[in-house]
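Right, one structure below, let's go through it.
Here the chain labels run A, B, C and D in written order, and each chain numbers its own residues starting at 1.
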Amino acid sequence: MSVKSTAARRTTRGGAKRRGDEPGLVQLLTPEGERVEHSEYSIDLTPEELRGLYRDMVLTRRFDAEAITLQRQGELGLWASLLGQEAAQIGSGRATRPDDYIFPTYREHGVAWTRDVDPLNLLGMFRGVNNGGWDPNENNFHLYTIVIGSQTLHAAGYAMGIAKDGADAAVIAYFGDGASSQGDVAEAFTFAAVYNAPVVFFCQNNQWAISEPTEKQSRVPIYQRAAGYGFPGVRVDGNDVLAVLAVTRAALEHARSGQGPMLVEAFTYRMGAHTTTDDPTRYRDDDERVEWASKDPIARLRTYLDQQGLADEDFYAGLGTEADALAKRVRDGVRNMRNPETMAIFDHAYADGHALVDEERAQFAAYLDSFADSRGEGAANGSPTTDSAADSAAGSATGTATDSAAGAGKGH
Amino acid sequence: MSVKSTAARRTTRGGAKRRGDEPGLVQLLTPEGERVEHSEYSIDLTPEELRGLYRDMVLTRRFDAEAITLQRQGELGLWASLLGQEAAQIGSGRATRPDDYIFPTYREHGVAWTRDVDPLNLLGMFRGVNNGGWDPNENNFHLYTIVIGSQTLHAAGYAMGIAKDGADAAVIAYFGDGASSQGDVAEAFTFAAVYNAPVVFFCQNNQWAISEPTEKQSRVPIYQRAAGYGFPGVRVDGNDVLAVLAVTRAALEHARSGQGPMLVEAFTYRMGAHTTTDDPTRYRDDDERVEWASKDPIARLRTYLDQQGLADEDFYAGLGTEADALAKRVRDGVRNMRNPETMAIFDHAYADGHALVDEERAQFAAYLDSFADSRGEGAANGSPTTDSAADSAAGSATGTATDSAAGAGKGH
Amino acid sequence: MSETATTMAMSKALNQSLRKALESDPKVLIMGEDVGKLGGVFRITDGLYKDFGEDRVIDTPLAESGIVGTAIGLALRGYRPVVEIQFDGFVFPAYDQIVTQLAKMHARALGKIKLPVVIRIPYGGGIGAVEHHSESPETLFAHVAGLKVVSPANPSDAYWMLQQAIECDDPVIFFEPKRRYWDKGQVDVESVPGDLHKAVVVKQGADLTLAAYGPMVKVCLEAAAAAANEGRDLEVLDLRSLSPIDFDTIQTSVEKTRRLVVVHEAPVFYGAGAEIAARITERSFYHLEAPVLRVGGFHAPYPPARLEDEYLPGLDRVLDSVDRALAF
Amino acid sequence: MSETATTMAMSKALNQSLRKALESDPKVLIMGEDVGKLGGVFRITDGLYKDFGEDRVIDTPLAESGIVGTAIGLALRGYRPVVEIQFDGFVFPAYDQIVTQLAKMHARALGKIKLPVVIRIPYGGGIGAVEHHSESPETLFAHVAGLKVVSPANPSDAYWMLQQAIECDDPVIFFEPKRRYWDKGQVDVESVPGDLHKAVVVKQGADLTLAAYGPMVKVCLEAAAAAANEGRDLEVLDLRSLSPIDFDTIQTSVEKTRRLVVVHEAPVFYGAGAEIAARITERSFYHLEAPVLRVGGFHAPYPPARLEDEYLPGLDRVLDSVDRALAF
């Protein structure tokens, strides 16, 4: 390999260069809603399937919007919006089979939707009533992972287990462009390659890791990293739900058929803030967002549906009603979400018990009981009986941060 | 990028496939001692320079052999032999300038030689009198790093500093094929690429990480990893000192001239055990070693020198004498290496002092002093006066491990 | 103080301290995720990127081991990197580089090289955050020789202790009590600071000593005020440093009050309170009227935000321990 | 015991225990660097690769975070991975996966998934090794909720505690005292083992309690024998488990002997002795005639091999502390 032939070139940033027609970017539906063909990846969907994808994206976006509102209203402590990434998530999620296993980050609300995970389950950790808490095995959808990159190794290990079992399922590990820098992700590539594990590494390159553009993580497109680990990488238009579906299906099939891992980079854009505590005006031009708005994943599918006459007003109206119902269910569900019992602090620290946890639980219970009768002035500030404490905790989870910097601290 | 075009193929193991004429393997001197040309890398050395490289390799090998002997004699606790890797180390080391900075693993005795590091300095940690201890800034040769991969990040950071200073020096980070799996190495690639740092990542692929062949680390050649991080990678015949010198020079020049990092994979072979405690008969065929013996880096240069008439008997005789003298100096030096004073335990834990260290030092000194007079029976076993304790420590550093498994524990 | 002192929040004091360090020593660098244009998720580095540029204020790839590992390399080249770890729970990918390399390299080189690296970590709970954003891992660093570990409790200490940490030739893990970032206090940028590792008596008292650091100093002061209403005169110590610990100051206090309660957010089990209890009991065995008691986190993962007010040691739990200590 | 008991070295006992686990549960896997053909650098997995194949005994890439991270994934798939970390000093690259994921995932899932992963770590000094091969990082794990931490001191415990660790549904950090690998003892593979986390009185005594675990139990027994010559009757406890700690057994002993010395190789500062001293002093305040004393490593990086005999707590340092405790 010669120096010159592989000499690195910095990727060029800026709107004009980032078009779907870049070499290597798989696209089946242009931003203008035009259906195009690709030499390697093709798809043939029924009108019903196409409407299904549209419905998924619309409902996911509506759910996401509702969550943002709930956060503004103080019902959630934080929210990580997927706005703009609906196609990447719905397309890849819909490519999975029930026996596949998904390892998400904290932003895969659309993928969760395709796995029939109750949206309310996703909100618990953002409200602060749990740290996840759904049963991953119910929908083969693992808990959200906040520490960047960690889940890629869990996915590789899970896939090693599938191979050991002789099963033909596959695994998807979601991660971000920022995550691509973590050593754990590189190690996951290595393990998956060496054991030929059936795992698809699915990078949603939304071009930002909080305030850092992708250039801070890599000077070449991320999909190219796979080749150096001995497996294929492909870049797909992440705002094109058809292309994402086709490419992810192929990647999963590649994994299932014993060919080992594959890396899919879905090139997309984070339309909103990193999370509700973030303020992107501090670090990025709004022009960029505006330009990406013209590549909206939902709008382009709608254009296509309309141009092809695949959906009528009834469909859209019905979907609107459904979205409203979903939003209401989420709103009501969150508002009625009960705070955990105080003593839940001690639950599940261990599966098989731990003497110290038992001791601390008993001591704390006795301590709390001591307030049942009297404590005098000392107890004035925030008497820790279960109910009132729960209320004050609720306050703290949503209300204590009074200025923007305080808000910024709530989780990244 | 299509699935098929990048589909991974397992590298084929086994003698016949591992020839220097593999595509992508840079070679300037064949195993048979024949001088060949390469389209990208060339070198033109004076007879004196060629003899110098030969001398470097011979003396390095002799030093290494002496260290093995000293370990067998109980003078060293452990030794990591470089046998077979002389060309990779001398070739790359001789490509450096004094103002370049080197970050070695624990096996770079040949590189140390090219940096004028006193060989005795390298032996301190293997004898157990220190954990390194030379001044890295004296020869721009950092301490040996035992934790696999860590030093690649130090090298990337140091190189970032060079770039900040506007200096035109470069850095070399040595690491092994096994190390290529560590997340730290991947992160070093990322940092070096993103900051365009002048660092050459020099992987000595000696095909083994203790008992694990390179297939346990990667299913494609390691030099290919660089491209996915946006910088060039090249594989060189690691037993060909001319090719290693040429390629490393080019890589350092690439770095110095502001083009950023480069990865060099020197394809070589660990002729000996991993360390003196290792027993390779448990995991590898001796055939492999025998085959690689025919590619010996020193023999091939000797053949070339002889065929070209570039060195005479005087030269070889003189070199023999020099090697004997070196061996004697090393032997005597090691035997006379003093054990550290007991209280050195507390030295250098901190640069600016630490109250607890002071307190513990004083308490321990008082405790040791208490033995000066009397202690009765309790002191019978191993009275900790400085001298006798030092002797018993020496015993433990070299003699307590009585069976092979015990020996195996001394350091990997 | 007075003339040159101004009132500011701890976040601002830290920001000013970093600015001062960047101004006074060209070798000082700021490194971390989002420390550039964004100014860090807590805005501690606000404005520094703008004024000192990307060569001094470095947005890094998202890789904590890489950040600390390259900071070590930069320190070897003569720089003084000040690293920001975004949240307590995200320091662990860098743990190997910190304990295996950063902490030990000076000793490994028999003193011939120095590693003046500061690692700033916003730590502790009380801000209603999601998982990994509220932990108190300080003893995991304090146990490791070669590191110094400090934590300011107020804006003035935040300013000065950070200055001193940056000037120190040893690696310093600098724990910032994130829920105190917005608390205000007087900062005199002209005064001469005391020893970085000295504990301070922040309230004199006769009946019992409360020892705390970082976020819990405020809670202890409040507890002392509440106890005063009950006629109890508590002394409050701000430990400020966890490695080394200023045992002399604690001992002096305890030999006066004869009772000690140590308070921290971190789990009690193997927490800092254990070390303090053990050592002070050894030093002052005959002076103690009660065992040293500890108030802190439980041996369970940090709970979700809705439970943290009950999980975190507050006024009542401190006072309960005071009662228990006084009952001995 | 008797009939079914045989004499074997601890290394052999561990090997037999792993073999037994592989035989009895097809979900048990062995993972690590060089655990395959080589049988591990200490030969603990000797012969297992040959007999169980590469699907059960897995030579991994050289990446500790990857090993533990994929072990987590395998556990999620229903496997019971037993991970070998080659030496104590090499566990830190995996520290993030251990404390952030492995320790917390069960709680994160509100109990809905289990993480039965064992991490075997040969630890401690005394074998004349180079840097990073002699450390005692146990409290860095014991402080973390969600992990269990144990360490056998003899071949029988090595065999049985490893069986129990593998059967446990929680992650267990299993510290093997490498310098005791070659010490022999009776192992009865048919007997019914006691509680994994219970401390054991290995020598009865009346005058003072020595509490230790792993490599130091032997030193304490030797110290007790030496002290007996001086007419001192020491009780020796083998703690066996550091999370949880069996405080009840320690308390019972201390309330009999009224004096306690805790001994470990790990640095005293923030070491296990601190937690034991603090809690036992609280529990048995009125019974103690002397403060709980601690013998252990100094607050300095583990020294080079030629100094380790002086660095490591030996007979004399233990007896010195016994003297000091008895002098109170």
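Everything that follows uses one rule, which is that a residue touches a chain if its C-beta (ideal position, glycine included) is under 8 Å from a C-beta of that chain, and two chains touch if they have at least 3 such contacts.
Since we're looking at a predicted model, the values are computed, not measured.
K.L.:
Between B-D and A-D, which chain pair shares more contacting C-beta pairs?
P.N.:
B-D
K.L.:
Of all the other chains, whose mean CA position lies farthest from chain A?
P.N.:
Looking at centroid distances, B is the chain farthest away.
K.L.:
Nearest whole angstrom, what separates the Cα centre of chain B from the Cα centre of chain D?
P.N.:
About 34 Å separates the centre of chain B from that of chain D.
K.L.:
Using mean CA coordinates as chain centres, what's the chain A-chain B distance in Å?
P.N.:
Centres of chain A and chain B (C-alpha means) sit 44 Å apart.
K.L.:
With chain centres defined as C-alpha means, what is the inter-centre distance between chain B and chain C in Å?
P.N.:
For chain B versus chain C, the centre distance works out to 40 Å.
K.L.:
When you check chain D against every other chain, which residues touch at least two of them?
P.N.:
Residue numbers touching two or more other chains: 60-61, 63, 65-66, 89, 92-93, 96, 100, 104, 107-108, 131-132, 145-146, 243, 269, 298-301.
K.L.:
Where in chain A do residues touch two or more of the other chains?
P.N.:
130-132, 147, 181-184, 187, 190, 194, 216-217, 349, 354, 356-357
K.L.:
Which residues, counting only chain D, touch chain C once they are in their complex?
P.N.:
Touch list, chain D to chain C: 65, 89, 92-93, 95-96, 99-100, 103-104, 107-108, 131-132, 139-140, 142-143, 145-146, 243, 267, 269-275, 277-279, 281-282, 285, 290-294, 298-301, 328.
K.L.:
Chain C touches which residues of chain A in the complex?
P.N.:
77-78, 124-132, 146-148, 178-179, 181-184, 209-212, 216-217, 277-278, 282-283, 339-340, 342, 344-346, 349, 354, 356-357, 360, 364, 367, 370-371, 375-384, 389-390, 392-394, 396-398, 400-403, 405-406, 408-412
K.L.:
Spell out the part of chain D that touches chain A in their complex, as residue ranges.
P.N.:
Per the stated touch rule, the residues are 55, 60-61, 63, 65-66, 68-79, 96-97, 100-101, 104-115, 145-146, 148, 168-170, 197, 243-247.
K.L.:
Write out the stretch or stretches of chain B touching chain C in their complex.
P.N.:
130-137, 142-143, 145, 147, 150, 152-162, 164-165, 183-184, 187-188, 190-191, 194, 347-352, 354-357
K.L.:
Give every residue of chain B touching chain A within the complex, in rising order.
P.N.:
Those in contact with chain A are residues 1-10, 24, 40, 181-187, 190, 193-194, 196, 215-220, 223-235, 250-251, 254, 259-260, 262.
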